[in-house]
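Following this line, the structures themselves.
In the two assemblies presented below, subunit A is common to both, partnered first by subunit B and then by subunit C.
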Partner chain A sequence: MHPTDRQIGDHIDRPFAKQFDRPIQLLDITKRFKAAQDGEGEITILEDVDLCIARGESTAIIGKSGSGKSTLLHIAGGLDSPTSGKVLCNGVDFATLDDKRRSSLRNLHIGFIFQANLLLEDFTALENVMAPAMIAGRTARDCRPRALSLLERLGLGDRTHHLPSQLSGGEKQRIAICRALMNEPDVIMADEPTGALDEENAQEVERLLLDLVKEEGRSLLLVTHNNDFAYRCDNVYLLKNHALSLEKGLGLDV
Partner chain B sequence: MNGSAVVNPFVKFWSAKRIFKKGRLLGCLVLIAFVMAPLVCALIFSESMIAGITNKYIYLSDGHLQIQGVAYDGLVTDDAMVLHADSVVSGYALVYSSSSTSSLLVKGVSSDYFNESRLSQVSFETTDLEPSNLKGIALSRATASKLGVSIGDRVALMIVPDDASRSPRPVLVRVEAIFHSGYDQLDSMLSFVDREYARTLFTSSSSASVEVLVDDTYIERLDDVIADLVLKNEGLSLREISTWNEHNVSVYNNFVTSKQMILIILLIVIIVAAFYTSSVAQQMIQDDMKPISIAKLIGMADSQVRLSAFISVSSVTVAGIVLGIGLGIGIGYGLGPVLSALSNKGLQSLSFYLLDFVVDIPWKSVLLISVCLMVLSTASVWIALGKTRRITPMRLFTSL
Partner chain C sequence: MFILRTALKYAFSKGKGQRTSSVVIVLGIALGLAALLVISSVMNGLQTAQLDQLRALESFDVSVEPSSGNNGFSLGLDDVSGIPGIDFAFEYIETYALVVDKTSGKSTSARVRAYSNDAYYSERMAQSLHFIAGEPVGMDGVAVSYTMMNTLSLHSGDDVEVTFLKPGRTATVVPYSTRMAIGALFGSSMTEFSSSTIFVDYQWLLSLMGESSVRIGIYTQNSESVASRIAELYPDSKAVTWKEYNRALYSALMLEKALMYIFLAFMFLIICVNLKNSTRRLLRNRQQEGAMLRALGCTRATVNSIFVLQGVLVCLIGEVIGVLLGILAVNNLQALLDFADTVARFFTGSATVLGFLQFQANTSPLEIMLSCGFVFILAVVFTYMGCRRTYRHEIMEVIFNASY
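Take a look at the complex of A and B:
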């Protein structure tokens, strides 16, 4: 048995079938924010939104700035909770889990990439990439080979011992991609992953992300306002007036 | 679930990284060490000094045990328990010189009274004197300087008789030796004469007593020694035997109070130090807000974040305590000779202190304060770290 599967699998109770064909399901999601500090009135960002991410498929959300794309992604990733509705990760409702299990679920099944790279500044490239696996309970020695091969694959083979502060924006974003893929998660959630990069770097990162997600057989939930990037995904939804509409692909009924 | 048995690899890794990367934590280590060092030093000094003073009283004035009222020359003792039993005759006298007077306890002791253990507590100065038919007396350096006399000078002793029908009579004696124990408080009330001569000065039976010095291993078990003495010596009753502290209640109580005061001060300092470490912990999570949010984003549970921060701070605290103890002990040993040099200068303002003592590390008290500091600071750090719960990954998006 491969140590990866065994050790990650044994780390927590794992009632979620790895083969669940819809790793993320959003059911009837509504999200409202308080309009002001004093609590008077509310603004609605999402209203009765359903969304299904199919295994191995890529899904992009497009929409104007401020339309709620990031909010949707945070809710889908279990980072923020919806005002009403359910988010299922491999069939498990995030809302029913305690901190430990919710963290573990996120650790094992979701990889995040954000516009700001959000790397640990005191950790080297390699350590940043190994972090999710070590959090899952694997020793550094155990997970180093995969981390190195990911870094190699993204052209960072000679940057493994650099700190984020010693790396360019494009390099940091590629490290974030490695980190997101480290635990072989079901879904990669990327929020404007190329938003902070110049044209050339953006295209490079775009290509690498899409290629790797395909290669490794992961699902992708991509939030972007770059239509070219979005339309290279299998499904494209437009977020407008608090709701999603399918622009490309078949989508999936909830 | 068996996750709690071993510490998560990332928790360990992050803890270690923090310790070596964060200047603040090293500052904390140094500060704790610098708080601990003088505390340990103070503890060593006070306990050593008190032990030293106690020994002066025991060896020069009272013995571990004192048997009152009887001159037991043939006291039967267990050699394993009792090192020496010396019969002495003593009483109070006023001593006159041409310029001053002093009230003294005059102790009549035999020639073998000043054995090795007693001589380690006191030093004598003598010079060769012309033979004289005056009896000799040994005065302390403190008394001699108060009376303005030196070796060879004469002083008058005025004995207050036990028997009220007799009137006080003065006798002339010659200062034949000057002694110095290092503790002027005791020195200034003691003097020694020959025992047979003392018998002629103090005739009452209550003037006689036996001073018993006990083997080190029995010092904590004086009751056993007393029981053994009573068993072995017919006619000896418990009532006649008193211990050093019963005999010097007020001195002994002073020591007990000063030890307690020192411990209370130490505890207060420890509480302050614990507050300090908890504020270091708070500052640390304040500084680590972003990495903590990121770690939680990639799936670290709050309990793991808290444990990792806790390991960092508490290991630094423990290291600081250990370093501080080491430093304190080092300074303690180093200062011993300096103080004894000071003591030989005979400064008036220091006469209440014993400066010439053996530096002895009070392991029990050192252990007690380090355990207190460790427990209190780790507990307060653990509580302070409860704040990590409020740091969520969403912080990364709402406050950037």
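Take a look at the complex of A and C:
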């Protein structure tokens, strides 16, 4: 089924519509980077990678540093485009969309969590959480209740008006989780969300992230080099030699 | 809404000196605009005060005289009055004389004026010229000002000896002396004018000087068009507008104004270069955040517009403060001068010239709007220049570079 422009418009009007049971599909993805600035030679990061994220399931990708996990995640989220292959978000190929539509799709269907330092510095905790909804055009008054309840749920009820500079690493990451969930996206994409945290905070954030994703019924695409964390997900893939191999779970055929 | 809020937060962000630099730029624009407003208002005031009086008293909006070699005009007052756009027209004669007080022996040279009919009481003239005692029309004697009475140590009831240069039989001038009583006393808003002018009766001066010395003075709002109309209709006469008559003074004022504008334009240029650098620095510090915003679902255009808008907001805030400050200053100019005088007096221990200055300020909304528009366009262009080089990067690269 190929959705038409109207259906994309429908997503925007009803962002929480559940139309596809595979919100993200990667088909035959190859990604190459230029080896050097001046363009001679290329290095291959991903080669003919297929990946399917099922609704409500969590998927982890493990692999050595530099194996291309982040690259894969960015491609899956439409932040970067593949050299060849297709990325479908709810059945819509990112490559066929202009910047506006692609941004809107990202805004409404995907929530990102990065490793560190990626909160908006001048926004309070609450404003950071509300940002995706405000970008979608909703008013602050409209989206404040959900933002507050998310913060409350993650134990940040008394930190709502703090700036990121006044918060600890663990708190910041919990805010990033709230922000990723704000627009009730289909998929949360997290790139080493606990990588910059100490053991104790890392476990706390891990637990909260997995619980909340289940609670809210979202899919999770997690990139990590922490095997314990990864194996708490439904599916685990290992990225090695430019390709994915299933380590845990049933996986899904594309 | 989100764009506006984010732009505001960025403009006055606490981190990395951004707030300081934005506040400095806001203050720069505000003070610059306030200064521009005050200076241009004072200059306009000066122009109104000086030139308007000049044109009411000394040279009129348009003066018509016979072109050289002609003995009198073909046109009379009635013909002139028919030309559209003329508020008031009158005949006048002007010559020069030496005034001597026989008792004190003091003397001064003076311009001698005589207006026909009721020109003295025309609306324009009555604003600057007042008769304190006596009547200028049908007067027996001369009308002088207090200033001249002081200069010559005259007392009311004194006689003066007046020596005119009048046209002789052949094309010569001959001196003509006569004793005249002080027939009236006047004052004017221009000390210059008062101290150097005497009035005599028109009919009397006409019989002395002859028809060929008669000029026509005109008050009008469109001196240029009236002058050219007269030149067209009556080729034997020469119409001179007040601008031509006072060209030196007028162009000096214009030059001063132009210089001030050029100077302030340079100042704004420097401020805007600062704005550009500040924007560029902000962008460098906020590249990651820009990428983050893209990940959250902002389009590239939205992110760019946030950065341009923050510069525009800094400029607009500066302009609003500047205009308010300027208007406040213009309305309290005298108080400001008094304050400056008090301060100066505190240091010098004596009264300064500041205390005596009398300024009449005249704010022109058009000038304010044009200046604001100019500064605004400058700010937009420079902010845009500050943004131009960024965001050629793909989001991925920025996030990649930033976190790993």
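Here are some notes:
Just so we're on the same page, the second predicted complex is superposed on the first by the 236 of 254 C-alpha atoms of A that agree within 3 Å, B and C clash if a C-alpha of one lies under 4 Å from a C-alpha of the other, contacts with A are read in each partner's own complex, and residues count from 1 in each chain.
Following the convention adopted for this analysis, a contact is a pair of C-beta atoms (placed from the backbone, for glycine too) under 8 Å apart; a residue touches a chain by one contact, two chains touch by 3 or more.
Given the structure is predicted, the values throughout are model-derived calculations rather than measurements.
Superposition model on subunit A: subunit B and subunit C are shown in a clashing arrangement. By the document's definition of touching, neither partner reaches A:200: not subunit B, not subunit C. By the touch criterion defined above, A:228 reaches neither subunit B nor subunit C. Of the two partner chains placed around the shared chain by superposition, neither subunit B nor subunit C is touched by A:158.
Legend: residue contacts after superposition of the two complexes on their common chain; A:40 is shown touching neither subunit B nor subunit C. Overlap of the subunit B and subunit C contact sets on subunit A: residues 70, 74, 79-80, 99-100, 103-104, 106-108, 112, 114, 116, 118-123, 131-132, 134-136, 139, 179, 183. Interface residues of subunit A facing subunit B in the complex, by the touch rule stated above, are 11-13, 70, 74, 79-80, 99-100, 103-104, 106-108, 112, 114, 116, 118-123, 127, 131-132, 134-140, 179, 183.
By the touch criterion given at the top, residues 1-2, 5-6, 9-10, 13-15, 288-289, 292-302, 394-396, 399-400, 402-404 of subunit C touch subunit A in their complex. Subunit A meets subunit C in the complex at residues 70-71, 74, 77, 79-80, 99-100, 103-104, 106-108, 112, 114-123, 131-132, 134-136, 139, 165, 179, 183.
Those residues of subunit B lying in contact with subunit A across their complex are 1, 3, 8-10, 13, 17, 21, 290-291, 294-304, 392-394, 396-397, 400.
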